[in-house]
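Below you'll find a set of structures to go through.
Next, two complexes with chain A in common: one pairs it with chain B, the other with chain C.
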Partner chain A sequence: MSLRMRGARTGQRLMGCLVAVLAVLYLALPAAAEPKIKIGVIFDLTGPLAGGGSELHHLGVKIMIDRFIKQGGVEGYQIEAIYADAQSKPDVAINEAVRLIEQEKVDMVLGFFSSAQCVPVAARVEQLKKFMWITTCISSAVLENRNLKYVFRPQPSGAQFGELSMDFIAQNAKEKFGKDPKDLRVAIIHEDGAYGVDVARGNESGAKKAGFNVVLKEGYSATAPDLSALITKLKRARPDVIFHTGYNPDITLFHRQARENGLKFSALIGQGAGYGVYAKLKEGLGKDVNYLFDVDPISIWNTNKQVLNPKLPPLIDMVGEEYQKAKPETTIRSAHVGMAASNTYVFFTEVLPRAIKKYGGIDADALRKAALDVDLPEGGTMLGFGVKFAGEDTPVAGQNLRAFPVITQYIDDNSYVVWPKSQAQREAVLPLPAGTTYSPK
Partner chain B sequence: MNFAFFEVFDVYLLEAVVNGILLGGVLALMALGLNLIFGVIDVVWICYAELIMIGMYGLYYAYAVYALPMWIAAPMCIALVAVLGLLLHYIVIRPLLDAAPINQLLATGGVLFFLQSFATVAFGIDFRNLGIRLPVLAIGEMHFSYARLLAFLAAVAGMVTIYLFMTRTYIGTAIRAIAQDRQIMVLMGVDSRRLYLVTSALGGALAGLAACLLVLQYDVHPFVGLSFGPITFMIVVLGGLGNFIGGFVASFVFAEIISLGGLYSDLEWGYVLAFAFFILMMFARPQGLLTRRS
Partner chain C sequence: MSSILLQVIVSGLLIGAVYALFSSGLTLIWGMMNVINFAHGDFVMLAMYTAFLVWTAFGGGPAASVPIAAVVLATIGVLSYFLLVRHIMRGPMLAQIMGTFGLALLLRYSAFWYFGANFKTLPDTLLGPPFVFGSIRVDAPRLLAGTIGLIVTLSLHLILTRTALGSRMLAVSEDATAAQLMGIRPEHMQAAAWALAAGATGIAGALIATFFYTSPTVGETLAIVAFVTVAFGGFGSVPGALLAGLLIGVIEAVSAFMIGPVYKDVIVYTLFVLVLWTRPQGLMGKA
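Take a look at the complex of A and B:
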């Protein structure tokens, strides 16, 4: 074989290799160049908090993330979600957040059901200079006086829950109970974690404002095996209205022991978490669930669609359909699922696209600036409220100042918004009708 | 006239005392099986509360899902947990009988996490409820739960039955003998393996009985054991590990401190006082409230 032929063959081989390398690069390039946002989603999928509402929030977030993945991402960015289980333990929540950030290299974290987890996780995520979007936990302690730069919460705060429920009773004291607020005996009981303590603080300040006679205020551990001493004290204190903040199963334990120990009251206002899961309340309390109240952001299926942004109602329907597909046994759709879905939707439609387009990317600073720019009026979210975050150097930096909860009452297997009046679907049944289990008459 | 004395001893105090006794019954019921196992086999089943949890699920499925009548569902549940007790001994404890106590403790601790995870995967994270509303016993201003009265009576009956079984039957005498000296009894021809199996089944059956009564008062979920496990263990230690009567007495002492402490201060303080009492007694009487007779 001549040298020329050998040279030509070598040249052909080299050319072949070059074409192959280019082909591989060509195939690889689009994937490598395609931008992606990795989101770490943390909820409690095991442990007592899972059944207490956390798993429903996980479902709401997942429904919304899947929707955006299906539509091909946001502003050219693909979405990848990595789901983690906090196991109902604050230490696990912190470890999972750090693992997702440091090992999985997520760009941000999202979720969090328990305030006891939110408080330490927010500090750790801030330290790592990552963006945190809180869809659920409500304790004021997460944000208040901490001046966090990268932590944002579209949810109302726990103190708002407590104040709203007191205002509801104060406005109805004379008409429904026939008493001046100063003569109305109220009791505040709560689980003793960050969530319960914060809502109770709101209750206390609301009671002071209304001039109620607070006859008992007490915390207890959500895992306490016995609440009968608390119930005996309530019997002795004879409150007209009880304001209760708890998870589950402490809520069902409280009601069961209250019935067995003959506790009577004229109204009980439950404040979020376990009180938002009607199916479980019904299973645990039977007919005694009738006329209980729950304070929470409005269920998206109860919002007045006339005042919502017109693009939101079809999304509410979509969330409802996916919810039913995931949990076909559902009778009353829990507000929890809609809450998480709505808060996630705000991130994907208001924060992420703005960060990409206006601030050039998805790093924590771009996301922070985009979040601070959000300015949605009332009716701008599925939950009815608007979104405007408190800026840095304010006492509640990162808190949505336009969020508000509502009060829902469970009546004959339906839930109705009864307060504030602007959102009310019907008048509240107050006090408990005579002949019901806890009614004094 | 000063009525302060009568104000302190009001009807609510009496109610709290009785509620304390009833809670003591619940705790005593749980402590009984744990004590039996330790007294005879010298092993602490840290996973005892999780066996109760499995029993609660068993009863829930038999009664609420498969609609079996309670008189069939309850014995089935007791038998199920008795078999679990047998399996626990056969698979986990027996190979470790001569191992260091810490190894035995860690092994049953592993079973605890296994059972929690198993329940999460098999039954889900939802809270389950039997949906039974037992009537309430009302005496004037005081109201008491029938479910707790049942648990209390079962604890007393269980205690008496175990006592009679241990003192009046041949196998009970053999169990007591082997509890006193494992090595000698084997040399005298006693089949210790069989006795351990009987004891494990009995301990499991007591957990099953506790499950049947607890499911009337509490929702079932994979982590329900967290509410009882640590307290039960403390009571057993307080009473003197392996001492039935000590455990029985300790249950009521503990429950009364929780109940009365909770009445006169915050509920949380009731538990703080009970735990402080436990720590104090560990210094004053490390062998337990009533010394173990061995």
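Take a look at the complex of A and C:
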């Protein structure tokens, strides 16, 4: 082969390489021109927490993320969500958060149903200097005295749940039970994870404030196959009112064993998580679901639309339609879906655009500064409350100081807000009507 | 003894009999073949779903679901033996562990795929109102599960010790080559052991489904109890599993009542460690 021919071949090869490099660069160029925020979304899609409410939160977040993807992103940034399953296990939640951050290179993580997962994951994400937006878990232990810089929670805290439910009964003690608070026998029972312990702590402080006679305070494992010893203790303690914090299926197990063992009480206040999923409660308890209470942020379908920002009601309708499409068998729309959708919406409308426009990007510091700037008055979110986060160097840095839960009662396949009075849709049915399964009369 | 404490002990005995029932299959397999079946919890899960399917398809209660689950699980047990266990038994111990662990994951994620992640519960009206004996109340599903648990566990023990089949199975477990020289086919006996163990697990699962939730991961929760029961009672000993199951049930119930449900596991596992410390072969295992 002549030198000239060899030279020509080499030239052709070089030209081929050049074309290939240019093609790769060309393909890469549009990506560079269209910035993107990658969000890792973590909920429990398997394991007992999935049916206890986590899957519904996943749905609420997904509805909202899909909406923003469909509208073309936020402030020129495309949105890519990577969904992960925590499998109802804290260790898996931590591993998934780290995997999303280190391998999938997400810019932030969002979601988290269980407080037992939130507490360690928040610490790890903070270490990795990434932004974490908690849509769901409520334990105070996630944020209290930890001075986390990059972790924000628009939700109310567990202690607020516990205090509100106690206040509700205290304010109704005389009128509904015919007793002074000091004569009212109350029992506090809770799953023994971060969530249950925190709500029970709020219960205890609320009970002290109200002057209730606390006859029993007891924790249990949410995966226990038998709660008969707890029920026997409750029977011996004879409480008028039981304050219960649990996930489900432990809630179903508790109520079934309570019924079989003849436990009687005048009211039971459920405090979030499993008590917010009406369909599963009804499936497990049948007619005994009637007159149960649930403490949670208000269901977005129950908020007073008159006091909301006018742009929010159409969004509430949209979330409801998508919810029904995804779960056509739904009778009472769970507050969980709305909660997650609303908290995600706040991120996409208040934090992300501000971070991009005012702080120049989507890194953790820009998102943190943007979150600290959020200042929404009451009525500014679908959940009715406003948003203002506690700043750094405060005991609850990252906590939304304007969030509050409400108390809902299930009556004849409907849910009604019954407390606080400012939000109430109807008078609470208290105590349990005579002749119902758990009623002492 | 106060009636309240008696109530607690009765509840503990009933749940303990259920522990014994779903642990007996695990201990039987170990005793027969020196194989730890890490898919045991998932066998229970499959039996629970079988009960759920029987109810949704025909509205059948335990009278229908228990025999059906026993047959279904016995079949799955035999298939597991011929398709997997027989082969991995030729490998090192690690291969056996990984093999049955892989089977556990296969069953669990198949359940996820088919049934979804959401937990299911059978209606608690299937068995009628609770039984009241003086001041003691016993709910029907637990009474049924506890009673059948006792009967099945004792029957397993009798099959192993009082029948020709049991003698042949024990002969294979003692010395498979010698048993073969006596005209016993080890593979058939080992397959029978898997059928028996998985069948008993099927009965346990169908009964547990009447009072406990069913989900693809429920086996994980139950398997821990089964392993503790088997180790406590002695690997390979069916009477040991029965004794340990009853003891664990009562200790759990009494400590939950006297100290608190949060601490019951601390008490149970402290006693468990103490027993193994002084008697590593378990209460009724061979040294």
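Here is the rule we go by: the second predicted complex is superposed on the first by the 413 of 441 C-alpha atoms of A that agree within 3 Å, B and C clash if a C-alpha of one lies under 4 Å from a C-alpha of the other, contacts with A are read in each partner's own complex, and residues count from 1 in each chain.
The working rule: contacts are C-beta pairs under 8 Å (C-beta built on N, C-alpha and C of every residue); 3 or more make two chains touch, one makes a residue touch a chain.
A quick note: this is a predicted structure, and the numbers were derived from the prediction, not measured.
Of the two partner chains placed by the overlay, neither chain B nor chain C lies in contact with A:34. In the superposition on chain A, no contact is made by A:427 with either chain B or chain C. By the touch criterion defined above, A:104 reaches neither chain B nor chain C. In the superposed model, A:66 lies in contact with neither chain B nor chain C.
When both complexes are overlaid on chain A, the residue A:232 reaches chain B and chain C alike. Touch criterion met: A:249 reaches chain B and chain C at once. Touched by chain B in one complex and by chain C in the other are residues 45-48, 50-51, 55, 88, 192, 218-221, 223-230, 232-233, 235-236, 248-249, 252-253, 256-257, 259-262, 280, 283-284, 286 of chain A. Listing the residues of chain A that touch chain C in their complex gives 45-48, 50-51, 55, 87-88, 192, 218-221, 223-230, 232-233, 235-236, 248-249, 252-253, 256-257, 259-262, 280, 283-284, 286.
Those residues of chain C whose C-beta lies close enough to touch chain A in the complex are 4, 7-8, 11-12, 15, 112, 117-119, 121, 123-125, 130, 137, 139-140, 208, 211-213, 215-217, 221-222, 225, 252-254, 256-257, 260-262, 264-265. Contact residues of chain B toward chain A in the complex are 10, 12, 15-16, 19, 23, 26, 117, 120, 125-129, 131, 133, 136, 138, 141-148, 217-219, 221-224, 226-228, 231, 258-263, 266-268, 270-271. Across the complex, chain B is touched by residues 45-48, 50-52, 55, 88, 192, 218-221, 223-230, 232-233, 235-236, 248-249, 252-253, 256-257, 259-262, 280, 283-284, 286 of chain A.
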